[in-house]
Amino acid sequence: MNKIEVRGLSKSYKERRKKRRSPGDCGYRHGCPVLQDLDFRIEEGSFTCFIGPSGCGKSTLFRIMAGFEKPTTGEVLVDGVPISGPSTRHIFVFQEDGLFPWMTAMENVALGAGRFSDPVEREREIRDFLDMVGLKGFENHYPHELSGGMRRRAEVARALIANPEILLMDEPFGALDFITRLQMREEMVNVHQMFDSTILFITHDIDEALQLGDRIIMLSGRPSSVKADIPLPFPHPRDLAIGEMASLRKEIYFHIGIHAAL
Amino acid sequence: MALKGLHLHPLISFGLAILAWEAAIRCLDVPAYRFPGPLAVAEAMKELALSGRLFASITASLFRVTWGFYLATCAAIPLGLVMGIYGPARAFLNPLVQFLRPISPLAWIPVALMWLGIGDRSAIFLIFLSSFFPLLVFTMSAVLSIKVTYIRVGLNFGVTGLKRYTKILLPAILPDIITGLRITLGTAWLVIVAAEMIAVKSGIGYLIIDGRNSMRMDYVVAGMIVIGIIGLALDWTISRLEMLPSVRWVRKRR
Amino acid sequence: MALLAALVWLVAITALHVWMSKPGAKKRLQVGFLPITCHLTCAVAFNRLSRTGKAFDAHKFSAWPDMIEALKGGDLDVAFILAPIAIAMENQGFPAKIVLLAHRNGTALVVAKDGGIHSIAGLKGATVAIPIRYSCQMLALRRLCRQHGLSLRDLNMVELSPPDMPFALASGTIDAYIVGEPYAAQAEFDGTGRVLCQMRDAWPGFISSVVFVTQHVLKDRKEEVARLIEAFYQAGKWIEGHRSEAARIAAPFLGLPEPLIRYVLLSSSNRVSYSDLVPKPEEISNLSREMVDAGLLKRPMDGKKIIDLSWR
């Protein structure tokens, strides 16, 4: 069953500069195309990873799907209905720190807990979610008092407690150190298994995409279009070094122009 | 050790400065009416303190700075918020603000005297002017420079209506505003001396001007020192605001 | 918390300030003066009236412009102010009249003690400070120059606040200055300056400041003002007979060192003079003509119209 349908989606930004920087640069009047004619469907409850070169428009695509921006042409349908704006039904986890630094971990998570009307129940839920992401005992800490990984976990908890139908994660672990990243990956696999949310996940890390996703959508350079759509019907935990995973990994590296998979 | 050093260093530097002062006065044989030495100034300070004049002057100056600064805060922050949030208001008022801002409060002295007469009101008005425009600009640019992520997170989690302002906008700009307050208070304290040179019969600025007119350089220097000390005290007090838990994040981030 | 502290502070400092600056009896006449010996009658009258409990509120200013603003702003009823300023204000339609002179003479041209200037003619090319353009000192300088074949264009004239003049002379910033006492005596006192010319010799009966009273108090508080002006007048007469005592009384009021005032008052009998203080119309007319010549006024004024002697 399709949860999200992206149809003929294009986005161009108005160019502010009057002069072209170079002949190949986009002109003033026509706008600068970022996304061109994107078409894909996302299955309900799936985990889809988006990879592609830097600046190819992945984040723009996500912002449109989250309702923060409007497409130039085309549309995004959720359950057959076009997206009209931001909503707690599709929560965005930002590339940079999206926690409010002036709120404690608990207050931040409480932002997503609006659906619980009973205050006692709400507080219990908030504590449960913080506990789940391993932040028990840090409820009253401010973000700047938490480590990078803890902050990401708090943000994931804030997103999950809202019980979103769609979770849009824009390179959520990009700024973390290697070990913490691996831990977060593992936790994301658990999250995917425990929650029904349809997860969309941008990453630069092909291994991350291979380990997490049910599917990889590879976007081309600017203006962006779908370059490859790779299903990953493998059980977790996955070992990237052997078997079909290993050959697939090589294939993807080859796709992006790196001939010897590292 | 670090803590000890923290308290010791200023003491040493001040001590050296005073010694250098005394030495310079003695070596160059500067007569007291030109520039008094530290001992003469300490004597003058004692004289002023015992007569109650020092305390009355400090009270008067602080009174004026407090009112001018508070009034400016109460006026500038709301207006700055409106100008930051609402584009047309900014387009309308910003040119005017940018035009008035560089006019030194001191240039307003004749106008202030004409409108408000001699006394506290004029001085308060000048302090108000010196604080109002910087605070207004601080607030406005704080609103304009809020991270777009915070606004999106708010939209995403359905924070709407008044809560958008109380939960997101205000806390996000609070650190910038506190920095603005700190800088502005410093300016206000700078301006008070000038403001009190208008015919008010009290305040530290008056103490200095009166000291000059009556050729009491020791009073002048004593007044200068008091201004320095109170300036430090004010800055220290307002810097406590930066220690508030909901504000401290900025320091960490930097 | 912080807000509460801020509020408590506001209340505390306001209460303290109000308590410390207890207002005097309301609605007394507001008199403005500067700390110069020219305004000695103000000090003496204040001292005498205070003893009988019928004092006025005296506001000490440090510069003429501030006093002008205060006068225009309605904060002063009576001002000891330079005659040209009074004439110019009256000419601009400011409702006030000259009722009395502050004193006579009391202005001197001072040069650096060891400087090379020994005559008025020697001022050619020198930097000379005056208190303000609208001053009798400027008119006097102009007259002196004229008498010695110079014009003001031959010197570099700067405006300087009187208390700064002795220091400016000592530091060599200026070569000479013309000012009301005690700032001429100050340089003699410090040993940095020498009086080149006393006004009593160059311009007999020289007027510096006048007592300038606003029309509304002249009309509405006729008797009270008359008593006050009479007190200034009598103070002048008394000073002439009690110069030493006058110096003692005036020093704390003006905020000037007593020895300096004594020196000004006692060094010679008419360095400053407090007799003959009732203004004569022709004196004021003449002054206004000098102002026209100096470009301070468009056309001369009739002294009779500026002077109000109804208090006599």
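Chains: A, B and C, in written order; residue numbering restarts at 1 for each.
Note that a residue touches a chain if its C-beta (ideal position, glycine included) is under 8 Å from a C-beta of that chain, and two chains touch if they have at least 3 such contacts.
What you see is a predicted model; the values in this text were computed from it and never measured.
J.: Between what two chains do the most C-beta pairs come into contact?
T.: Looking at every pair of chains, the most contacts join B-C.
J.: Greatest Cα-centroid separation from subunit C: which chain?
T.: Most distant chain from subunit C: A.
J.: Taking each chain's centre as the mean position of its Cα atoms, how many Å separate subunit A from subunit B?
T.: Using C-alpha averages as centres, the distance is 47 Å.
J.: How many angstrom lie between the centres of subunit A and subunit C, each centre taken as the mean Cα position?
T.: Each chain reduced to its C-alpha mean, subunit A and subunit C end up 80 Å apart.
J.: I'd like the Å distance between the centres of subunit B and subunit C, where a centre is the mean of that chain's Cα atoms.
T.: 35
J.: Quick check on the complex: what are the subunit B residues that touch subunit A?
T.: By the definition above, subunit B touches subunit A via 149-150, 152-153, 155-159, 167-168, 171-172, 174, 245-250, 252-253.
J.: Sort out for me which residues of subunit B touch subunit C in the complex.
T.: Where subunit B meets subunit C, its residues are 31, 33-34, 55-56, 59-60, 62-63, 66-67, 70, 109-110, 113-119, 197-199, 201-202, 209-210, 212-215, 240-241, 244.
J.: Residues of subunit A touching subunit B in their complex?
T.: Residues 66, 68, 85-88, 91-92, 94, 96-98, 100-103, 111-112, 114, 142-144, 158, 162.
J.: Which positions of subunit C touch subunit B when the two form their complex?
T.: Those in contact with subunit B are residues 2, 6, 9-10, 13-14, 16-17, 20-21, 32, 35, 59-62, 65-67, 69-70, 72-75, 163, 167, 170, 186, 190, 254-257, 260.
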